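Both complexes shown next keep subunit A, but they swap its partner, so subunit B is in the first and subunit C is in the second.
== the complex of A and B ==
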């Protein structure tokens, strides 16, 4: 099994609305895969389908080699799932929830649970309903990590958390995933954390997978290009499709090159003879914004993001 | 070198269910305690009412004290059962994609079975344990304890299963409450509308009315098929709900539930036991219709008869019926034909023969022969008002299928009419708690009546009479308002079932001041003898109607 998760033409619908459209994605075993996309792109629906919380309309999803619709208790025992939408029984204490979960997981690591509880500063006597959102997410992380799962699925685990909590969680997840070679699939809008954590990226927009590749490759092929046009030089009418967000302000031209490399550089100089061209590396956040803008269905009037 | 590798094994389904049930009971411990506490409170209260409550409460002779209060407690228990079911179900809905359990290594069927087990523990095992203690203390046999337990299970299932389904559909407690009220009110409206239109279109509203709202809502088929069938249907319905957790398709589960309901409804009930041949022959040869009457046009117009439909009085005769036998007649689709007019209605008539009174008379020290005359009975069946007008004073042909249920009445015992006297026969027992004048010459005996639960169809019941060893005056009873001793029960019923098998009752003894100091209670048993079906075709009957202002009866 090369992939912890693989989907084939996965399509999910809410009534007549298509939330995920023909999604084919691959999460390599041992990787930390970030599924990115703007709000409403279909990330959470994808994760719910992978966890068999929703049935797919068409297509298949295989999780740890098992069809998602057939995931049984033995399979779920190898998967840790964290979602801010998940409701932990609120009238119980952290200790009671932990005690309930422990027997279901043959691989539950009590020492790791204690370590995580200490690291996250969780009081076993505290009632779930009295906890803040961040602390509840910490509890979910504890419950997801303590069984030492082979696959961790994290749905927006960092959203709305303060930097300290976020750091606790990323450190916890990162160190454990590294140590044990877990596969991780996460969705998040916190690009800095994702850039630090993930080694593979998938970009979902309007239910469709636009990009899927290793993080290094993605960041390596995107460049912010700034051109100072020579006097009398014109902006080329025909532009390669790899130029995203092309904008002209007076004598300055800005765009994002999505296929950076020697061939692309040659194309820049050919398009802007005599111009001063500066290309700089982009952060994941900038790549995300560029991709979102370039793949958004801008042709749909009145749609805003 | 061989290494011993420990392979961790996930819990088996059974172990998982046990864990989940323990978790449920802990998680909802206050609701569980409330359910059990209500059950204990009911048991404590009824035992107090049966044994310690004074006969006179306030200014009233206690009589049925405890009966209404226990009925109220039963309503509270029902409400608690339904609400606890909804809360437990909605805490872990099968298709809730936010539910905690769904991303844990918990099998959906295991979760459903754990819920079911929790309900069984709370609503069957706990009440059955308390009930068993009481039954054993009253000296009930083991089979009565078993019967009561099964009846408790069926009773709990009758509310838990629909509440479970409704809780899944409505998803929140508020919507569950609104949905529940809507279902109850809506079904009442629908039933009444069905009654009305059945009457308007076919004149057979009576058939539906006979089934009653309770019969329509009897999704378990208890009324027709009995306890075992109801238990089977309940188990099947619970199976559908459990299966729903696996596939989570509402349409599929609804279709399965509808199919179960239809099967339970349409499956014909067990045939009535046939009457002894000699009696069957007698009924077939001698059952006759003497006359038919209609209310006057003025009565119909002035209100009594104007209400829809109009009753046709029918005078039945069954001469030669033995003194200890009575007959109840049900006319299936009685049809009146006159020229082009056809009127159809349904009716149950009761009763032909001396019945309990005959048995009581024979028990007196100097038995008084019963009259041979009252083998006639006049009651009626309803027909449409327009048909009634058309049939007035005409000669008609009556066609009907008569179903005649025969009963034998037997005097089975006598006890002094004084506090402390007791009588027991089979699974029934009677104890006189007090005997007081209320409004002379009427006395009231306060009795404690016990009938241990059974799964068999009810075939016998008791009727009580008061009499005097000196036979002065001789008290004879007949049906009607002048009955000197009110019957404790007057029909076979499933009164005794589950938790309900003991009660405190009034027995009103009219004219008791004339009874001597050695007054007795005569216990007469009525026992079903079976039924006879007799087709009736009676031509040349005149539909008479009294003059304006006269009574039809």
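== the complex of A and C ==
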């Protein structure tokens, strides 16, 4: 098995609304895979379907080699899932919740649980209902990590958390990393965190996967291009489809090159003879914005279903 | 805590940034020969970077001759970062050949754009050279 998760034409509907549309994605074993996309793109629905919390309308998903619809307790014991949709009994204390979960996981690592509890600064006597959102997420992470799962599925683990808590959670997740064949699938809008953490990226927009590639390849092919036009020079009417967000202001031309390389560079100079052209690398945050704008349903003509 | 200074910026490859930070630390004496270098696991957790990225950083630094793997100890800073093995010597020759184009030329272009003279530029370089020594 080379993939921790693979889906084929996975389609999910809420009534007539198609939330996930023929999604074919591959999460390699040993990778940290970030599923990115604007709000409402279908990320959470995808993760819920992978966890067999809702059935797909069409298509299949295999998680750790098992069809998502047949995931049983033994399979789920090897998967850690953190989502804000999850409920923890609010009348219990942290210690009681831990004691409740522990017997379900043959691989529960008590020493790791203690280490994480200390790192996260959790008091086992504290009641769940008295906890802040951030602390509750820490408890969820503790419960997901302590069994040393082979696969972690994290739905927006960092959203709305302060930088210290985010750092703590990230360190907790990475503390599992020295296990062979350990994989992570996460969704997040914290682009700076994701840029360092993930080595694979999937980009969903309006239920469709528009990009799936290694992080280094994605960041390697995007450039922000700034052109200062030569005197009297015109802007070409025909432009390569790899240019995104093309804008002109006086003599300044700006766009995003999505296929950077020697051929693209030659095309820039051919399009703007005599101009000064500067290209700079982009952060994942900037790539995210460019991808979101250029793949929005309104930006792609003739797309309907 | 990591034994070298670094503040990661988004938009630049993490590997390049860390390799540069470690090189700087070795050159300035913040890291000295024989010092233990953090494990891949520690590097990953401290920098909050992907473990595969941390692995590549260590591999590149070993290849560059700045780090060496000592059996039973781990990764340590090498005695003579300039010398190293034959592959390190070859990569040093390549780096040396690239120096005028890759680093010196942008510096000269920027200095001319700002209207600086050669002496001004040399003064700036001399000051940075000393600053690196005093940061030990």
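As a convention for this text, the second predicted complex is superposed on the first by the 293 of 305 C-alpha atoms of A that agree within 3 Å, B and C clash if a C-alpha of one lies under 4 Å from a C-alpha of the other, contacts with A are read in each partner's own complex, and residues count from 1 in each chain.
Simple rule for what comes next: a residue touches a chain if its C-beta (ideal position, glycine included) is under 8 Å from a C-beta of that chain, and two chains touch if they have at least 3 such contacts.
Predicted, not measured: the structure shown is a model, and the values here were computed from it.
**Q** Tell me the contact category for A:111 with respect to subunit B and subunit C: first, second, both or neither.
**A** Neither: A:111 stays clear of subunit B and subunit C.
**Q** If we overlay the two complexes on their shared chain A, which of subunit B and subunit C does A:270 touch? Say first, second, both or neither.
**A** In the superposition, A:270 contacts neither subunit B nor subunit C.
**Q** If you stack the two complexes on chain A, which partner ends up touching A:92: first (subunit B), second (subunit C), both, or neither?
**A** After superposition on chain A, A:92 lies in contact with subunit B alone.
**Q** Report for A:281: first if it touches subunit B alone, second if subunit C alone, otherwise both or neither.
**A** It touches subunit C, and subunit B stays clear.
**Q** On the A-aligned overlay, A:77 touches which partner chain: subunit B = first, subunit C = second, or both, or neither?
**A** first
**Q** Let me test your reading of the model: by the given contact rule, A:103 touches which partner, first (subunit B), second (subunit C), both or neither?
**A** It touches subunit B, and subunit C stays clear.
**Q** In the superposed arrangement, does A:247 touch subunit B (first), subunit C (second), both or neither?
**A** After superposing on A, A:247 lies clear of both subunit B and subunit C.
**Q** Determine, under the contact definition given at the top, whether A:237 touches first (subunit B), second (subunit C), both, or neither.
**A** After superposing on A, A:237 lies clear of both subunit B and subunit C.
**Q** Mind listing the subunit A positions that touch subunit C in their complex?
**A** Interface residues on the subunit A side: 30-32, 167, 170-171, 174-175, 177-178, 191-193, 195-199, 215-216, 219, 281-286.
**Q** Please give the residue numbers of subunit C that touch subunit A in the complex, ascending.
**A** Per the stated touch rule, the residues are 8, 10-14, 41, 44-45, 47-53.
**Q** For a test of understanding, state which residues of subunit B touch subunit A in their complex under the given definition.
**A** Contacts found on subunit B: 8-11, 16, 19, 23, 26-27, 91, 97-100, 102-107, 110.
**Q** Going by the contact rule set out above, which residues of subunit A touch subunit B in the complex?
**A** Listed in rising order, the residues of subunit A that touch subunit B are 48, 51-54, 72-77, 79, 81, 83, 85-89, 91-92, 96, 100-101, 103-107.
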